[in-house]
Structure formats: structure tokens, C-alpha cells
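The next part holds the structures, each set out as C-alpha cells.
The two complexes that follow have subunit A in common; it is paired with subunit B in the first and with subunit C in the second.
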Partner chain A sequence: MTYDASTRRDGQSAGSTAADRTFWGRLSAWGPYHALMRLTTASPRRQFLILAAFPILWVLTQHLGPMLQMLRVSLTDAYPVAPGVEQSFTLDNYARFFGDSIFWMPFFRTLTFAGVFTFCTLIITYPVAYFLARHVSRKNQMLFLLLLLIPFWVGEIVRTYAIMILLGNTGAVNLALKTLGLIDRPIPFMYTSFSMGVGIVYLTALYMLLPLYSALEKLPQSMNEAAADLGAGAWTRFRRVSLPLTIEGISSGCTLVFLISTGFYATPVLLGGPSTTVFAETIAGFFHVAGDEWPTGAAFATIMFLAALIITTVFQRLMKMLRKGESA
Partner chain B sequence: MAKLIYNRRRFLGTAAATGAALASPAYLRRAAAQSGGEVNIWTYNNFVPEAFKEQFEAETGIKINIRLVDDQGKQFNLLAAEQPNPTVDIMTVAGHRFLQFIDSELLAPLDTDRLSNWGNINPTFSESDWATINGHKWGAPILSGMEVLSYNTDYVTQEEAMTWQTLFSEEYANQTAYIIQDMMSIVMLMKGYDGNMVAYMDDPDKAAAIVEEAKNFLIEHKPLVRKYYDSGAEFQQMMINQDIVLGHSWNGPAAALINDGFPLGMTIPNEGSYGFVYTYNIANNAPNPDNAYTFLDAILASPEIGAAMTKASGFISTYKGADQYLTELEKKSTSFPEEQLANLQFFRAEANELKYSLVDPAVEAIKAA
Partner chain C sequence: MNDRPELFRGNRIFLACIYWAFVLYVFVPLILMVLMGFKDSRFIGFPIRSWTLEWYTGVFADTEVLSTFGYSIAIAVLSTLISILVGTWIAVLLEGRKFAGRGLTFGLTLLPALVPGIISAIAFRIYARWLGIEPGMGAIVWAHAVHNVPFVVLVVMARLSTLPKSQIEAARDLGADPLITFLRITLPYLVPAILGASIFCLLLSFDDFVRSFFLGGYEPTLPVMIFAMLRSGMSPEINAIATVALVLTAAIGLWAERFTRRMNKER
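Let's look at the complex of A and B:
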């Protein structure tokens, strides 16, 4: 839509003198304002550029900027630069990762955990999304989604502590098992890959649920009904109709959850144990340890970023091939 | 700088108003004290008593901005990143980390002539060998702590807790926790070596072999430990939740639990342990140096403030006579029998570069194993 200043002025002079007395009324009648509006709304292309300017600026300064800075630091031999030290560019920080197998274990452990937890999240949230999209009436769906969003009103750390309260030796789960007479001594859930998994699945569930819900919600009911008419059972209908048609949602959800899982720091620190050290903790170590270790931390973060990017790209390609295969 | 005075009536009024048990003096003559501005402090939780903060702000007009830190390394990196225009005036550096900060020109030498209350610090801390470097004082000692073996008295006996070996015993498998970095020094001590590594400064090969031995020991015993932790709060939570019954800890968080009535004991085991001293230091190029000195002189003004810091943090006050203001339970939780104290030595900084160049990779290896 373009702004028609003359029409607006005519309209105002015809009958709306009260509007002229308000701030906005005076502003709209102000010459420079008209000139600015004409300039900015002259063409749809210009309107688009103006609308896109803020998001682009945001992405450049808040997302790409820090990443480029991290990349720059990873290629230096000293940061922050101490007095009397000259900074120079080097690839040694990257060589340190590939040259020392100590760091491979947490790296591959992180990728494995992220893959396993993503799969678990998918298995757990798919039935929820299915139920929500297919069995809850339209007018109640928003209410259900809102209920699912409630835990996200508080931060990651608070929710992680909630898991600790549930799974601790004196936590609700152990108390319930003890009350039911199923155990004599508390089961040590905490500080294991199990407690870490519970925490990460809980924290990422919504990122999986929403794309799945979106994909399932678009799926016409008639397709399942047609399959049923042709004699397909519930499992066959799910396997041959619902699942292939929601691959896009699965792909988006898995990508989101996988990427988030590779970067978790606080949750593994709080819920994990001695054998669950993830790469984010290794990276953080380089920033905590006093000394000239930031460039190594930045290099390791870049390596993890690239690895996650490659894995998700391959995964997306596979899903695309799968989609094409199903539709062929 | 304005002269500090002691005024019990004003202290009682403030204490009553805040409802705090903390006893502290009026710090400055009001007329001379309204200098205003702010002082920015990086410190650990509870190291600036809340009642002191309120009274100091009211009497001086200087606003105290506290940023909590939980790690010496993080503090170093933050400050290094901010130099030469730091946002901080006062940091909290452990005495054995002085050298690292001084070498990087992050600390300003302390002008003790500007601190009329400097004499309130016990000379054991203010005049010890680590406190003077390059002919200067670099910090005002406020609290002292040590690495101890803490144990739940319902499950572990004091006799068992008199040796670090219990921490690695099958009997308490998966009921223990420790900070790996600190345990590396302790394991070296357990095995009869110098955990400060000062003795091996001229023999880096021997130093490397000792660190390797300590590393292998901790990797071998990794299946027995429940959690490698980082902060005192984590330790307290694990104890309260009974996720652990035995663990290496700093005495501060352990003493705080004891004062809360938790059945906890702590020992300095027979093999020995290390002590450290927290100091308040002025940052090089601090934005508000005058306010920083005003704050330092005020916080050193009376033993009651030292006692309040002990009550809140659990660490032992370095102020003369601070123990007079502690309850019997607080005294008990912040003191050790003479025979145990004989096992204690302080962390030293001379060999830090050699030590941490070996220990840091070893810690990563233990975590990764």
C-alpha cells in the first residue's frame, strides 16, 4: 500500500479538525513528514528494503557478528592480548584439536548424545503432536498448546533444577518408588547420562513438537479415511500415510533439536556426571582457565559449529531424498 | 581520606532497621563521607555482608555494584578482556594467584598508607611471604580457606575422614564428589610430592611424571566418583540431597552447612591439605580508585565485619578478634584441632606456570577418559 498524502489532507480539511489538534494529526500534516513518507513508500521494493533493514541489521550484529569475531579469535595466538604481547595469526588452535585425541572423546560423545537425544525427543513428542493435531478439537488446540508452553515461561536453569528435584536421591521419583515399596535404597538417577538425557529431552521437546504439530495439522483427514476404506490398518495408515507426509516436520524438528543439543552447557554441567563431559564443557574450560586459552576455545567452538552444520546438511539432504522417494 | 570512626549506637540502629544480626560500625563521618559515586566489585557470594553494604552506601553515598564471580580464572579472563579500561574497581583474588594477575598488569599495588584500618588484619595474613611481591602489597586479606574432606556424620566416621584414601574407597563408591583441579594438587600431596610443584621448578621432567601419576590415579578411580563439581553451592546441594556422603570441598561451603544444622563434619586429613587466602585488590586503571580505597578501609574497620563475612561465607576471617563475635557453633565450624592444622600448608604461586601447563591438560584428559 502506498501513502496518499493528498487524499489524507483533503479528508482532514473536509471534516476532521479535532484530529489536527492531536500529535499524530499535526505530524501527518507536517511537510517534512510527507516528504519522508513519499521517499520511503515510493515503491514496493523500497518498502521491502525498509522493512527488511532492521532484521538484517539484527542478524548481522547479533548473529553473524559474534560468529565472525569467534572465527577471528580462533585464528590468533593470543586473546585477550596481554601487555607487551604481539598478536599474530595461526592455525595452531585447530591443529591442537586434531593433534590431541584427548579432545575427540567429548567431541564425539556430544554428537552421539545429541543424535540419541534427538531421536528420543522425536519418539516422545510425535504421539503428543499427533494427538493434539488429530484428536483435539480445533477450538481446544490453542489451549493445549498454551498448556505445553507453560514450562517455557521460566528459564533453562530453573527447569534444569526442577529435574534435579525430581531425580535426586531424595527427589520425587525416588520418594514415590520408595513409598510404593519398589525400592529400599534410592536409585542414583542423578549425574548420569540418563538424568542428562531427561533434562535435554525436556528442554528441547517444544522445538520438536511445534514443527511436528504444524505438519500433522495440515494433513487432510480424508487421506487416512481413504486408506482405511482401502483396508489399511492403523499401523499401515501411520507408516504409509501420516509418517511420509510429516517428514518435513520431522526434518525441521530434528534439525532444531540436534543443533540445540550440541550446544547445551548448563544442563550437562548440572545434571551430568563424570562420564558425560560434553564438548561445550571442554570449550568452556578454555575460557574459564586463567591464561591465554580463548583462541583454543574459539577454535573448538568453530569446529563443533562446522561439524553440526555438516551433519544437519547431510541429514536434511537425506530427508529430502526420502521425501522424493516416497512421492515417486 | 576521611577518618573512620566506630559508633555502636549507629550500628545498632542500622542493624535493627535491617533486621540483620550483623554487627558493624559506622564508617565515616557523615559530613565528610557523602562523596557519592560508585564502586564496582567482583567477588564471591556473601563476601560483602548485606548489612555492611547498606550502611556503607547510606553513610558514604557510594553505591556498591557487585558482580558475583565463582572462579579465579573467569575473573582473570574478564579483567584481561577489559583492560586497559576495566569496569571493575575491586576484585577478589586468591593469594596464590597474585603473580598471574601482576604479570599481566591487571592489579595496582596497594597503598596501605591510605588504609588506616590495615592494622586490623592479623599479621599472619597481611605480612606473610606470599603477601608481598616485588616490594608491594597487592591485596587486603579478608578470608582464609582450605581444602578439606567433608563428610556426612550419619554415614561416615571422623576416623575414616582422616585420610583422603576414603574418598577413593569402594565402600563409598558413587557417593563422593570433588573438584578435579584441586584434587590434582591433593593427590600429589597424598603421594608424598609437592603439590605446589615449587620443588620441581628446575626439573620439568619430574614435574610432568608426577602430574602423569596423579592423572592416572584419578582416571583409575573415576568409576567411583559421583560428580566432578565446580562451585560450593553444587557441593552443598549434593550433600543436602544425599547424592553424596563424602567429598572434597572448601571449608566455607561446608561450614555454612554445619551452621545450618546439617550433620556434616570436616577434617584436614593426615596426608595434608592446602590453604588459601582471599584478598580484595584494586584493579589497574580502576575507574573509581578513591572510592575503592574508601570501601577497603571501611570493610577493614572492625572485627565485627570480619565475623559477619565468616557467618555468611563460612570461610575464616583474617581480622584480629573476629572470632569474639561468632557463636560457639560458628567457632566450631570455622576452626580445626591443632594436630589437623599442622597438616596444612598454603598454596604457592612460584611454580604456577609450570604446574598449570601440566595440570590443565591432565584435567581435560581425566574428564574425557
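Let's look at the complex of A and C:
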């Protein structure tokens, strides 16, 4: 992808052609533009630097910058620093996390919830993805998929509210159960880990469904047929053929859903109760009050990020080992 | 699709039931929420005995609600423009080019999409303060733009990888410089991807809660306003506002889906 300035000159010296009368022709013949182009494309190296400078600067300052700044603030004793006060570095903010169960309880609860909800999402969406990829004709696949996409364009808050209406004491589920004569008094679904789970699975299902779908779609049908011809039942076929061959999709879907589930703030606030406080609420608490609690909040966010990163990395390694083990 | 459907009929019926149950799971809550917005009572709950449009007329007479819609849309449009510009640039750098640090650059490019919501919001909040950006529209636009860049990069890179190299070479042989080649060959080829990514960014920004919540000033975006209303209890006005937001996002999404499919067919 190198450009030789001499080619350009030869092209121009060919005299007045139809191209020179167009906007682009006139632009390239225009002196200052021509000079600029010769300057910027003088060598492949310079051309590359001009192309690469902005993207690299952007990802360093805008993508990495906020994370590094959060890490730096988490190691300070005060942020922002009051005028005239010396800012010093400390690990106290991290020590604070381990010192009080009011901090680490929500942390472990969040990781447990995220794990359980991720597993539930997998169990629920796998058969759906399987049906879409294996039992729907190519022509209809997009239509069937689109049907599931529509609700996912709707925002997090609106869908959380919809779950509140569904599960409330006078909600649709309780009404249906009452009409069927199964219950006398409404079941209090709301403000429990159950309502939170229903909400979070509702919000994340698509991020599991799409990787599973694309993994299942690639799976050759002949394998299932061969297995069936050899006398394998539905369960055996699933366990010995489909499941091992879609581990990659399962792995990326679970990683994505786990990361997203740990990051929810509004949904646990609205659907959960006092017994289901998640770590996002703990972190947010430090930022509602002005100033001096920020370093602690930053430290807690860093702990959370590292934990999520470690868990997903270990998980992906395990899945990879599992895949190798299956194919060996 | 099965060549021998008779082999798997039992599974098929079983799986079809699960699929349709799942469709119900994703649609029923939203349908109930929409219906509740037409209920002739302030009390949110079933059964619904009589109907009204009162909540809608009330909401649309409220200039504050309308300005919140406008505010959210303005943020979505501005942040999308930035994301598209930056994302396309990064995609052009990364696609089909080998250089030292490419893997690292790609990893860092995807970082904002992988950081869990609350952590990303906190990191942006701290960074904005460090840069001296006050909470408010500018801060939200910036955070949404950064967060959405990875999605643009992925979509544009996918399209870019299918661009025939011969077209670029032909333009070069005819004496076009790199910039003109990009503007006249590459960019027109990327239009479907850029439009698709734009719609996706618009929806992500319009629906985003956590970043808008932590970076917002006194003026709320739409999700932040609904959240604040919900904290003081459910009310039919929320249903009316949420329904309008729902119809808006679903309509844009559907239109984009049709549009990109038509574009792909023409390719």
C-alpha cells in the first residue's frame, strides 16, 4: 500500500484530460493540495505514521487513559487534592475492602450472581440457538432471528421496568396464577434475587444467543446424521457432537454475558432488594457523595475489574483445555 | 437445515416449543408494559378494566419530557458522528496491515466494549474530572463516543476485508493519490457498513443508562429520567414515555435491518 509520488507527476504531465475537469481532477492539480500530498506521502514510512498517529493516540488516551487514571486515583489518599495539601500514595483503599464484610459481601454476591445468571442464560438460549441454526430453513432464519432482535433494541431501563410490571404483586404472573386457582395471595417475586435474575437474563440473552447461533450454524449437519445412523439418541448426539463442537461459541458467549452482568447498576437497584445489594451499588455509593471517597470507589472498581478479568481468562483457558481434551 | 427431516422430527417439535416460549419471554413483558400505559387508572397492576389516552396527552403536553427526548437524541447523534469518524480511521489502520504493536492496538481498541458498565462509567467520571470536563452534555457525548468506537471498528473492518484489492491498485495505477483513492474507492464501498454502525451507535447511546447517569449534569437523558421517576414509584406516565421510546428504537432498528439487508443484496 505504498504510493509513489513520481507516478502522480507522470499522470499530471499527460496533459489536460477529461479527469482534470472534474472536482477530483482539479483538486489533485491544485498546487497546495499537491504539495501537501507530496509531503505526506514522501515515503511509505511517513505515510504510515500519518495514518497511524491519530488512532494510536486515541486508543492510548481515550481507551487506556481512563482505566489508568482510575488505577492511579485508587492509590492516592485524596482526590481531588485540596490546594496546599501534599497528595501521597497509599494502599489503604484496597485494605478497606477486606476490612469490612459490608464491602466484600456484595462483591462475592455479584460474582456468584453473575456466574449463576450466565449459566441460566446459556441453558435458556442454547436450545433456541440450536433450533434457529439447525431446524429453520435458510430463508426463514433471518426472519426468526429478527423477531428476537427487536426487543433487544429497547433500552435497559425500559426493559427493567417491563419486568417490574410482569412480576409485581399485582403483575401479570400473579394474576395468571390467581386466575388458575394456584395461589390465594400474590407471591412476592419482586425485590429478590429471582426478579433480578429474570431481569438480567432478559437483558443479556442476546449476547449469548448470537455467538451460540454462529457456532451452531457452522456445524455440519452430516455429523449429526452420521451419529444418528450409528444409533446415537438425541441426548448422546447433543453431548458427543453438538456440545464439543460449539465450545468456542459457549466460551465467548459466557465471557460476554458474565462481563456485562457484573456491570449492571440500574437493574439491581430497581429489581433487587436490600438482601441483594450488588457491588456496583457499593461502588456507586462512593461517587454520590462529593470528593474524598473517590479513591476508595476507584479502588473497588479496580478490584472488580481485575476479578472479572481473571475469572473470564481462567474460564476461557478451561474451555480451551476442554476442547483439546475432547478432540484428542 | 436438515436434508432428512424425518430423522429429527421429535427434536424439532420440542425445540420449536422452546423457541416460541422464548419469543413469549422477550415480548410479553414489553407488551404488558405498553398495555398498562393505556389503563384508565393511576394504579399499575392487573386486571385492566377500562382504557384511556390521558397519560399520553399528559406526557406530550409536558415540555420537560419533550426536551429530554431532544436532549437524548442530540447526544446520540453527536456521539455517533465522533464514533464513526474515529472508528473508521482505526479500522482502516488495522485491516490488512501488519505492523509492530498491531495486536496491542487492536486489543486496546476493543477495551471499552469489554469493561463492565459500572466500571467504565466510573473510569470515565474520574477521567473527565482530571481533564476538567464538567458533568453534562459534553461529558456524556464523549463517554458514549469512546464506548461505541469498538463496535464501529469491528463492523467497518469486516466490510473492509471484502474490498477487492484490485480496485485500489487500479486507482493507484491511474495516478490517484492515497487520499483520493480512499475518498473515491474505499469510502463509497464502506457506506453500508458505516450506516449500519451508525444506527447501532445511535441505539446504544440513546439506550445507555449507566454512563449518562454518572456523567450527566442536572439535565437528565431519557433513561436517566425514567430511572429517577421509577425510584419514586411506578406511574402510568412512565409507561407512556417508555412506550414512545420503545416504538422509536424498535422502528429505527427495523428500518436499519431492512436497509442493510437491501444494501447487502445490491453488493
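To be clear about the criterion, the second predicted complex is superposed on the first by the 257 of 328 C-alpha atoms of A that agree within 3 Å, B and C clash if a C-alpha of one lies under 4 Å from a C-alpha of the other, contacts with A are read in each partner's own complex, and residues count from 1 in each chain.
Basically, a residue touches a chain if its C-beta (ideal position, glycine included) is under 8 Å from a C-beta of that chain, and two chains touch if they have at least 3 such contacts.
Remember, it's a predicted structure, so these values are computed and weren't measured experimentally.
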In this superposition, the partner of subunit A with more touched residues, subunit B or subunit C, is C
After superposition on the shared chain, which partner residues are touched by A:L243: those of subunit B (first), subunit C (second), both, or neither? neither
With the two complexes superposed on chain A, say which partner A:P80 touches: subunit B (first), subunit C (second), both, or neither.
both
Query: Is A:M190 contacted by the first partner subunit B, the second partner subunit C, both or neither?
result: first
Task: Have a look at where A:G273 lands relative to subunit B and subunit C in the superposition and call it first, second, both or neither.
output: first
Query raised in the report: Touch check for A:A226: first (subunit B), second (subunit C), both, or neither?
Result: neither
Report for A:L49: first if it touches subunit B alone, second if subunit C alone, otherwise both or neither. neither
Q) Taking the superposition as given, does A:L27 touch the first partner, subunit B, the second, subunit C, both, or neither? A) second
Message: If we overlay the two complexes on their shared chain A, which of subunit B and subunit C does A:W294 touch? Say first, second, both or neither.
response: both
| said: Contacts for A:M37 in the overlay, against subunit B (first) and subunit C (second): which applies, first, second, both or neither? | reply: second
Subunit A residues where the subunit B and subunit C footprints coincide 80, 164, 168-171, 269-270, 287, 294
The subunit C residues in contact with subunit A across the complex are 1-4, 7-8, 10-12, 15-16, 18-19, 22-23, 25-30, 32-33, 36, 43-47, 86, 89-90, 92-94, 97, 99, 101, 105, 108-109, 111-112, 114-127, 129-130, 146, 149, 168, 172-180, 183-184, 203, 206-210, 213-214, 223, 226-227, 230-231, 234, 238-239, 242, 245-246, 249-250, 252-254, 257, 261
Subunit A contacts subunit B in the complex at 80, 82-83, 100, 102-106, 164, 168-171, 186, 188, 190-191, 269-270, 273-275, 277, 281-282, 285, 287-291, 294
So, in the complex, the side of subunit A touching subunit C is made of residues 1, 3, 7-8, 10-12, 24, 27-28, 37, 41, 47-48, 51-52, 54-56, 58-60, 62-67, 69-70, 73, 79-80, 124-125, 127-128, 130-132, 134-138, 142, 144, 146-159, 161-166, 168-172, 175, 202, 205, 221, 224-225, 228, 234, 259-260, 262-266, 269-270, 280, 283-284, 287, 294, 297-298, 301, 304-305, 308
So, in the complex, the side of subunit B touching subunit A is made of residues 71-77, 80-81, 83, 97, 100, 104-105, 174, 222, 225-228, 230, 234, 237, 241-243, 356, 360-361, 363-365, 367-369
